[in-house]
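See the structures that follow.
You will see two complexes here that share chain A, one where it goes with chain B and one where it goes with chain C.
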Partner chain A sequence: MPNRYTFQRRLPYLLLAPSVIVLLALILYPLAFALRNSFWFWNLQTSPMPLYHSGWDNYRMVFQVTPFAVALKNTLLLSFLGTFAQFWLGMGIALLLHTHLRGMGLMRAALIMPTTLAPVVAGFLFRYLLEPKGGLLPWLLEGIGFPVPPQGFLGNANTALFSIGLVDTWQWTPFFAIVLYAGLLSINEEIKEAAEVDGAAPWRMFWSITLPLLRPIAAFLVMIRFMQLFNSFDLVFVLTSGGPGTASRTLSFNLYREGLVNYNIGLTAAMTWLVVIIVSVIINLYLFFIYRKREW
Partner chain B sequence: MRRRSRRDKVTIYALMALVMLFFLGPIFWFILLAFRHPSEAYTLPPQLFFEPYLGNFGDTFVDPGNNAPQLLSSVIVSTGATLLSLPFALAAAYALSRFAMRGKEFIMNWYISLLIAPPIVFVIPYFILMSRIGWAGAYQAMIVTLQTLAIPFSVWLLKSFMDEVPLDLEEAAWVDGAGRFAAFIRIIIPLALPGIIVTSMFTFVFSWNNVIFPLALSKQSTTTLPVGTISFFASTGVYWGHIAATAVVAMLPPMIIFLLLGRYVVRGLTFGAVKG
Partner chain C sequence: MSKCGISRRDFLKAGGAAGAALAGASPLGSLARVAAQSDSAINVLTVGDPWDLALQSVTDQFTEATGITVNIESLGYTALQARLVNAFLTQSADADVIAVDQMWISQYADNGWIRSLDDFISMDSDAHFDDFLPECLYSLSTWRNQVWTLPIASYAQGIMYRTDLFETAGLDPLPSSLADAGMWTWEDYFAILEQINGMDLDGTSMYGTTVIGAQPVPVVHMYSQLSASYGTRWFTQFPEAPWDFTPTINSDANLAALNDWKRLYELSPPESINYLWFDAGTRFSQGDIGMFYHWTPYFYLVNNEGYLTGTPSPVVDKFETAVLPTLTAGGDQVVSLGGWSLGMPSTSANQEAAWQFIKWATGAEAQKAMGEVNVKGYQFADFSRQSNYDDADLNAIYPFLGTQLEMMKLGDGKVVRPPAPIYTSLEGVYGLQINQAMSGQVSSEQALRTTQTLFENILRGNQMIPYGVESFDDTLENTKALQASLSGM
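On to the complex of A and B.
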């Protein structure tokens, strides 16, 4: 029956179609909107409609009017350092959990709590903890003689971005720990036992056996987390609002400021496309380097 | 399993104690803040034991109770986003799980690319769009736009659950004369039901914790609880008691859901990529 056969062949695409169509509409509209308006002067405070064609002005203005380069540098710094710290701290904790001593199951279950919080709530937690006058952390640190900046860690240009990274690390290290622990459990014990019989030292086993076997999971986790950090908005919004000055401004926060505070729609549109291009380059570079080799 | 010396065990437990203190301490400290009298928010040295004060919850949720409607908004938006995503995601996940087709890997990656795209890029055009079509501040504006995250996430997670339903059972139903659709309803849905529930719970939590969409697309009467906590900064002075009371209520549903999810946590957080 040719009809039935064609139907069967088309069925998966028919089933995918509704979600793909909805998602395409939801993505293409903003991208097309941004592409068009990136060549128009339009400030929502002065006009409900685009005012005049402005050529490439918006793209030039992104660099002249907004601290785009600083935001890009901050974003990359935050993403690289944050992902690196969270991965290795999480790995350390996963190895501790993997000792299977009594109580580890319970601790593993409790450990996920920071990851369940809305990033905004995590931000409030630490804003309170880091409050320069009356916050617990500055008080404890001063108690052991650690220098605390008078404006607090969030108000100091040298420590603001670092503090955002710390809060994100607090929130997402448990995620790495728990998923990497699940990865450790899936490693065949016999391989390790064989290496042990051959007299391999523990650290050697970790580098040569455990880590390579975790690579598929690790590559996935690192990509997801790097991009989530790259998109950081909620934490920046609550902790520092990108300040002091532009010390902790990220690309997402820069977009928010121009778009939803200053209502510079044209300029935001140009910035949107710059960010989309940067994100695509990063993802494709990552996929190229990590997934180049088919076998792990 | 290797045997460990007593000294090793003590070291491991000491390290774990530090880990737990670092990761749970801040949450504990913040929950205490919600029960402190506003005048004691900054008392140093810190007081672990004090007379619990319920006024913060009273002010925010009962009288004047400005945050009570936000709790309702959060429930409406998160439930709406979850329910709306399910039919789309079920169909797509079934297709990806059960059919051999060209471009499958590409489609899966395309869904993931949406999950890791910067949401702020979409939000600003949505903000203009919604005011043009008369949805400014409406619940459906948030529910629909949240699908950019809810559908891709649900497709991935549901597919991983459907992959585990044995093909034999479905084929047996076809032999008995059931069509694809009947087999889907009678075999796949019931057997994948735990997975569907787990997926819905995760989608609910992610929608609940999302701030960027409600921040841009809600109005005062439809804004959600996490956004509500932010508004305290706008008023004069920072009322930590009120912020903490609201934030504690906002953090409870995700925490409870994660506890219920238990062994599915790893799978959900990795979109089904790691079984855990």
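On to the complex of A and C.
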């Protein structure tokens, strides 16, 4: 019969068990289900149920019949550039907010507004703003002599993906700014004062004090936004539907096409697993390099 | 590859047997009784196309006549398909009547998700089944010699052009009927476009035309008309039996069509590479497009400045409609015929009431009432019945019905965009390649070579080459014979 000490030792595990079981069921089961489907021929256009075990055929078809490589390239470009731009723009705004200039309170309130919009709404908004015939942005840019493609920014293969990135940056930079601003507020002012006494220049203080102290928050933010950008769908769907051609195709749009338009469940499952593997590799590499020194 | 316990053939057989059992169990004799029930209600899932507004405007008439309450829910195209497939897979009775795109028929019928209407039609003389244009039934409603749905809105394609611009340019009016179209060719069409492109009309610089360029679906809808007129066929043999889905998309005819499609784009606003259906219609109604071809609902939709704005467009009374040209003078023509029909899910618990609604909504009387709905302009002329085209009142409202009917009668929805299983996958890659050719990312030759390869990969990957399931000689003649048989003729 277990004694009181044993029971107390096991109690935390018992209390955690229901949550762990639910989490496993919600995460592992769908992944396992998708993994199983990825090895079966199951296309709802031809049959409501899986017909036969197809080996690696679905994985081969991902590369043979879908624009997977170009979608991966676009997704990586959008994710890396978008996260980079949003982080540094957000950092700049956070530092500006931290200066306690007049009007910053109003600025903080206004900043949150783009983030509260649904991406679909933001997409429709910018679709009209970017409309080549009468859209506000092309009109303004042409006014200052900036070349606007005749097909519009969304219709040109060279600018479509960047336009999506721009809209996403408009929407999510404030999120970075507000969270980083909260991080700035949490930094002990005495450390900065000590650096000032030692004669540190503002630039040096930023690189050696502010940024390292913000790292825990920043690392988390960057990881979350990177994963969100990697899964970009709404803006792509509303703004360009992946076009022109494949110029703004992303992996999520590919998944949507195969899963909810073509209803090829087996192929979609295979693609899902490829995406899971790619994201996992990137995120684990990121975490490895960020946390390996454990200095923060 | 190891085989699963059930093969596709077995599944289709089982589905057919289940369908037959369902049909046999249905008390068709009680149809009349349903009309007298005042407490029954049906759920209808439709798509947010213009015809849906007209239908919803007159549905009260059905309720008054039968006592059956109708709950209509409209969804977007993709959302509707997703909702329906989800309901079918979970076998939930989500709706009693559903709007079915012509491309979904093979999937829904072969999977046993909708039930055949043959028994309902043959046992109900009120259906006036013989009044339907066979081309509409053939293109929208039949699959493997059974009627699965009835057309609620049929679309052909035709030309709209600016009469004031033609007068200024000294051009003759275009033929509005086939009788006048003997020498009317695509080369004439291009010659006119090149003449009017860049012309000034009352201070407006005109574009010759506009294309619908967004990939993948919209561009295929417009491009496939030109391509079919040029003689392109997607497969070696379909819909005639035996079906051979070996693709023939990389042909000389299609290459000529794609090169000319790029000419069309050069004569269009550059941003039309991203245009959806309605973007192109709206652009014409805004007044700087000389001529274009589109689905026939735009014959009336362009009278509004925008969809349901209620504001008359600047082109009202300044445009006319015309028949499509042929590749060679007096040559063969095939017209894209698409649209929507109403079907009955196998899971519906109110099948008799559902049939009453389908019969009523697709009937000549309700269709006329839909055509007379004037909510911010007349919103429905997509008739599928001969009697509606002969109706003097409707012809007074929609003077282009004669042109539209002639295009309908040349319609072949099974050739221009063949509704074979996995059509949407093929359309997805085809539209992408056309769009890439337009944007200059690939050449026409490369686009068609890639399309051919991708078609082969998709068709082989989906067990369509070689085709192992029984074929059916799915011709217009067989549909006419089926129509006569079900009409008791």
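We adopt the following convention: the second predicted complex is superposed on the first by the 270 of 296 C-alpha atoms of A that agree within 3 Å, B and C clash if a C-alpha of one lies under 4 Å from a C-alpha of the other, contacts with A are read in each partner's own complex, and residues count from 1 in each chain.
In this section, a residue touches a chain if its C-beta (ideal position, glycine included) is under 8 Å from a C-beta of that chain, and two chains touch if they have at least 3 such contacts.
Not measured: the values here are computed from a predicted model.
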(request) For A:12, select first, second, both or neither according to whether it touches chain B, chain C, the two together, or no partner. (result) first
(message) Applying the document's definition of touch, where does A:260 land relative to chain B and chain C: first, second, both, or neither?
(response) both
(request) With both structures superposed, pick whichever of chain B and chain C touches the larger number of chain A residues. (result) B
(request) Answer with first, second, both or neither: which of chain B and chain C does A:151 touch in the superposed model? (result) second
(request) Tell me which partner A:46 touches in the superposition: chain B (first), chain C (second), both or neither. (result) second
(request) Figure out whether A:223 sits in contact with chain B (first) or chain C (second), or with both, or with neither. (result) first
(message) Looking at A:270, would you say it contacts chain B, chain C, both, or neither? Reply first, second, both or neither.
(response) neither
(message) So in the superposed three-chain picture, is A:235 touching just chain B, just chain C, both, or none of them (first/second/both/neither)?
(response) neither
(message) One more residue to check, A:133. First (chain B), second (chain C), both or neither?
(response) both
(message) Let me check the overlay on chain A: which residues of chain A are in contact with chain B and also with chain C?
(response) 44, 131, 133, 260
(request) Report the residues of chain A in contact with chain C in the complex, numbered from low to high. (result) 40-41, 43-55, 57, 61, 64-65, 67, 131-133, 149-152, 154-155, 157, 240-247, 257, 260-264
(request) Enumerate the contact residues on chain C facing chain A in the complex. (result) 1-4, 6-8, 11, 78, 81-82, 85, 88-89, 107, 110-113, 213-215, 269-271, 273-274, 421-425, 428-429, 432, 435-436, 438-442, 454, 457-458, 461-463
(request) Would you tell me which residues of chain B are touching chain A in their complex? (result) 1, 4, 9, 12-13, 15-16, 19-20, 22-24, 26-27, 29-30, 33, 41-46, 87-89, 91-92, 94-96, 98-99, 101, 107, 111, 113-129, 144-145, 147-148, 151-152, 155, 180, 205, 208-212, 215-216, 226-227, 229-230, 240, 243-244, 247, 250-251, 254-255, 257-259, 262, 265-266, 269-270, 273-276
(message) For the complex, give me every residue of chain A touching chain B.
(response) 11-13, 15-16, 18-20, 22-23, 26-27, 29-30, 33-34, 44, 93, 96, 99-101, 104, 107, 109-121, 124-126, 128-129, 131, 133-136, 139, 170, 173-175, 178-179, 182-183, 186, 217, 220-221, 223-224, 227-228, 230-231, 233-234, 237-238, 251-252, 255-256, 259-260, 265, 268-269, 272, 275-276, 279, 283
